[in-house]
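Please find one structure pasted underneath; my questions will follow.
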Amino acid sequence: MAEPLGALGIILVLLVVGGAVFADLIASADPNKIAPRDRFLSPSIDHLMGTDQLGRDLFSRVLHGGRIALSVALFATAASLAVGIVLGLIAGYGPRWLDNLMILVFDALKSFPTVMLALALVTLFGPSLTAVVVVVVLVNVPGYARIIRTQTLALKSAEFVTAAQSMGAGAGRILRVHVLPNVIGPLLILASMDIPVVIAIEAGMSFLGLGVRPPTPSWGAILNDGFTAIRDTPWIAVAGGLPIILTTLGFTFLGETLRDVFDPRLKGRG
Amino acid sequence: MLHYTLSRLGLAVLIVSVAMLILFSMIYLIPGDPAAVALGPRATAAMREALRVKMGLDQPVWVQFWNFFINAWQGDLGNEVLSDRPVSKVVLEQLPYTLALIAGGMVWSVALGIPLGCWAAVKRGSLADRLVGVLSVAVIAVPSFVVAIYALLIFAVSLRWLPAIGAGEPGDLGDQLVHLILPSIAVGLGWVGYIARMVRASMLEVLEAQHIRTARAFGLPDNQITYQYALTIAILPTITLLGVGIGQMLSSAVFAEIVFARPGVGKLVYDAILTRNYPLVTGAVLVTTVLFVLINLIADLIVGALDPRVRSSL
Amino acid sequence: MILSVRDLQVSFPVGRLMNRSAILGVAGVSFDIAAGETFALVGESGSGKTTLARAVNLLQPISAGEITFDGKRIDGLKGAATKPLRREMAMMFQDPVGSLSPRVQVRDIVTEPFRVHGVEADLRAEADRLLSLVGLSGDFANRFPHQLSGGQARRVGVARAIALNPKLIIADEPTAGLDVSVQGEVLNLLNDLRERLGLAMLIITHNLHVVHHVADRMAVMYLGRFVETGETEAIFQAPAHPYTAALLSANPEPDPDKAKDRISLPAEVPSLLARPTGCEFHTRCPWAQSRCGTEAPAAQGTDRRIACHFPLSPGARPPAVQETAS
Amino acid sequence: MTVLSIHNLNVTFSTEGGDLHALKDVSFEVPERRIVGIVGESGCGKSTLINAILGLLADNGRVSGGEMMFQGRDLSRLSPREMTALRGPQIATVFQDPMGALNPVISVGRQMTNIQYRSGLSNAEKAERAVAMLRRVRIPDPEAALARFPHQFSGGMKQRIAIAMALMMEPALLIADEPTTALDATLEVATIELLQELQAQIGCSVLFISHHLGVIAELCEDVVVMYAGEVVERGTTRQVFNSPRHPYTERLLDCDPARQSSRTRQLPTIPGEIPDLRARPPGCIFAPRCHRRAPVCDTPPPDEAVQDGHKARCHMVTP
């Protein structure tokens, strides 16, 4: 992958992160302030992206929506990683029957189509950000755990691990010193490349009205507002979709470049 | 091969069973009384109790699960709340629309993705390779529902080239196909990228293999090496990936059906959630899960049939 | 005796559900190693030599037999009970680089036994001491395994093995993957350390010539059994089992005038799933007679034990081969 | 008549750390119907040499000088298409790893008929030739073997199948790249005998690469000793093994434990490491490790002829 792509990725990511962090400074308008007189205004100097059906400033809502998207992405990814690593190490290094059982559960979890799983969960527990995080963890953990498990299994019979066993080292020490440092690198890279996927899940669930609850600004929710009024006020849909596209592209380009730099062996995988 | 087929089949049954257990646990974990939730706030205590007995909620957990499990394997997913029709029947009515959409997305993404990936691998390092690489990554990154909405906005609303909503007139194949174009673009676009990348990566891996070097050392023509010696091996992981891909397309199909107001399982579930029609939701989730497992099973069997190493392993 | 092994068997399950059975990777072997002695196990791939070594090191469960180490029965020990033993018995593995943890510095690799066994020591000083014992300068302490050549990595492996002054070192193919010019270095180092530290060694190798220069006694393995055991020098002077003779001739002196008298073995090594009847070597033995196909030979002798009905006399040549070139 | 004559061959790889001069002024000949051995330790350039001859150098490598004359044509000047036409029918190769050398998803018979695509024979004739060749390498039940896949054969049989494929087209030159290294010692003997026998029948020349001195001594008539990408000594096997003139050859032969017929506790070694090929010393490449080093060794050594056909690249050689 060419370096310029990485640079483009960094710029996009910085824009999105900067916009989210400094949302209050950049956009003076309150993202949730309802102004019935200003409904459906097209983009102008006052409202860079126009306003929605409740007269809220879309530019401000988009920037604040970035906060939701990024924090959900980071938190859910970190949670998936923690759970995935622990379960993967247990499955890979533990007894055979436990491994078989865990793999079966992972496979069963993966056999739910993502959105179907999300729909089922939300039906049962109600729409919320927690539901989004739970869905992301349930979707990611089987994959992460499998990667760690496969590599742990391969390392289990590696000579340097057998050497540590023969020296009398316990399972904890072997996993910590000899296994984890050798398996975590590729997973971190893959997880960083999953950030755009997580952002898409959050936006998608919010689009269906199953994620954040109104009036909290979210890109998916804005997109849904735009979709409802797509024939008359297309700019709302554009305002909701554009940040999703730019963010996922930015993180993907950055992740690809990072992977090529740190771990060329993984090239083209995933 | 028989052993392989049977063990794969057994595994698939096991996975579906565990998936049922997970789904059942989720239902069982619902805070509150499912009967009360199903009947709404205006129901009397007697009505709730009657429904509890009817739903078997008065029995121990394991009996409830066993009943659910046995009934589900027999195709009985309960009745939906609104019209009291069998859930399985309602879901199966909608399934063909979803399958048509997935097939549409799969066909064009395979037809484009495999040649692109092959081409990029053979022309490794060239401008074409890089271009395919960047475009693949880009189309993978953009979520399918955004593609769906933008496609709707551009081709249906602005340009008015293609119809925006519905699945077309029943019986009119041409109209149905026209209505399929935009949704299958939305569903398949990312998969062009996935497939191209996968084919490229596994082609490159195979082309490095010792036996390819041997084939070159025997002076075989490049085309034969690429297509007969390398692609036959490189295609195997791609077939597995396609099995997984159909599961992801089931997800994308939900969005595409909602955005383009198409009938289908996705639209069905979405509407069921809005009307709190829970048996329909869980039933549809189970059906799509079984479908997904079945497709993966088929992909595994195809790989097995194509790979002599698997074929002869008992 | 530092190590006594009696009738050791290791079996592996094979097949699935319906037709499950077991094969014997090690099919009943006995040997002793005295303190300070070097004993070598020689065999080709599939002979069970590595399995045997792993069983002695309790890395592989055994199915029958006894292992006595330093006067104590150790077979059947599990989990924490094996820990004291692991200070006394160190194992070196085949792959010089691959047996070193890739993300750990050499300094921490050679002192890992101290950490594992909670031995209080100045680890920095210990690392320097161990590295200088194996002839590496202190600069190597900061390197990672992939920054070492095969010979250097092997030395680091040796340093780790001797870290806690074990009584026995088990070395699995100590010269595998090394160039001839480096093999000598490693063998010299092992000889040298053995004399200075009074170690006993169990060396596993497929290369007979390695054995010649380091081992006091040796055993030749075929299909999980010893076919010949004895003083190394005596076996090299006059191999008595036909398999030993074939192995010895398979690795000839690089001399164009002498190289031609190899003993060539027809057929391939039989599968452990279908062990031949009688003497298990008879399917490939140029000297085999009808008795060999029906009756298993018992190992004869005390110091020198040979499992063969018709041991070779010194300098024996295979009987005129009837038809190998058809 | 020589089949292959390599003269002052240089191969360079461009790497991130600068140009790597992998082969420097390599010269030797493979006469007709003779078996020439190339011996050297890891990093000596054996594999690069084979890849250069076959025109299969990695993308970052190139022939940067010299010529490789094969039947009157310089291999380094042939187009990829002409090279492809030579590989197989004229120059055949057996590689080291019998496990990976055959395509896992194509049947043995199909692979053996595929490589005869230029022969113009009918499919039945191609299959017949394949069966005949498998019989010659002693594969049991060769007709049935055609329908089987590589994983259904043992390592030794796979290597014999690879040999059968290489010799089926009766090439003028067979390149054998450590064909017995992955095999057990007793199988190695059988494989070498088979190679010897087939070579005599077919009458091809063989370029046999090995790090195993004993095998070279047994099989080869001529030997080329390589060190760090250079040919340091060459001659008939007797000349080189009985009276080595280059200090490296001398030491290498000493190091072989098989040479120490009496038991010793102090085996000879060659101290030091192969130099970085990105920065070759101006003088003799072996000088830093040489026990006979003199000031003159800082200048490039001559390719000194010791006697008829026996040459050593060393200042210290006196004819």
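Per-chain numbering from 1; labels A, B, C and D assigned in written order.
Just so it is clear, a contact is a pair of C-beta atoms (placed from the backbone, for glycine too) under 8 Å apart; a residue touches a chain by one contact, two chains touch by 3 or more.
Being a predicted model, the structure only gives us computed values, none of them experimental.
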item: A-C against B-D, pair bridged by the larger set of C-beta contacts; value: B-D
item: Chain B and chain C, separation of their C-alpha mean positions in angstrom; value: 54
item: Shared-contact residues (touching 2 or more other chains) in chain C; value: none
item: Pairwise touch network: line, ring, star, complete, or other; value: ring
item: Which chain pairs touch, all of them; value: A-B, A-C, B-D, C-D
item: Contacting residues of chain B [partner chain D, same complex]; value: 125, 209-222, 224, 228-229, 232-233, 306-309, 312
item: Chain A - residues contacting chain B, complex; value: 1-2, 5, 104-105, 107-117, 119-125, 196, 200, 203-204, 207-208, 210, 223, 226-227, 230-231, 234, 237-238, 241, 244-245, 248-249, 251-253, 256, 267-269
item: Footprint of chain C on chain A - complex, ascending; value: 158-169, 173, 177-178, 181-182
item: Chain D residues touching chain C - in the complex, by the definition given at the top; value: 41-42, 138, 154, 156-157, 184-190, 193, 197, 211, 213-214, 216-218, 237-238, 241-242, 251-253, 255-261, 263-271, 273
item: Complex contacts: residues of chain C adjacent to chain D; value: 44-45, 149, 179-185, 187-188, 191, 206-207, 209-210, 212-213, 232-233, 236, 246-247, 249-257, 259-260, 262-266, 268-269, 284, 324-326
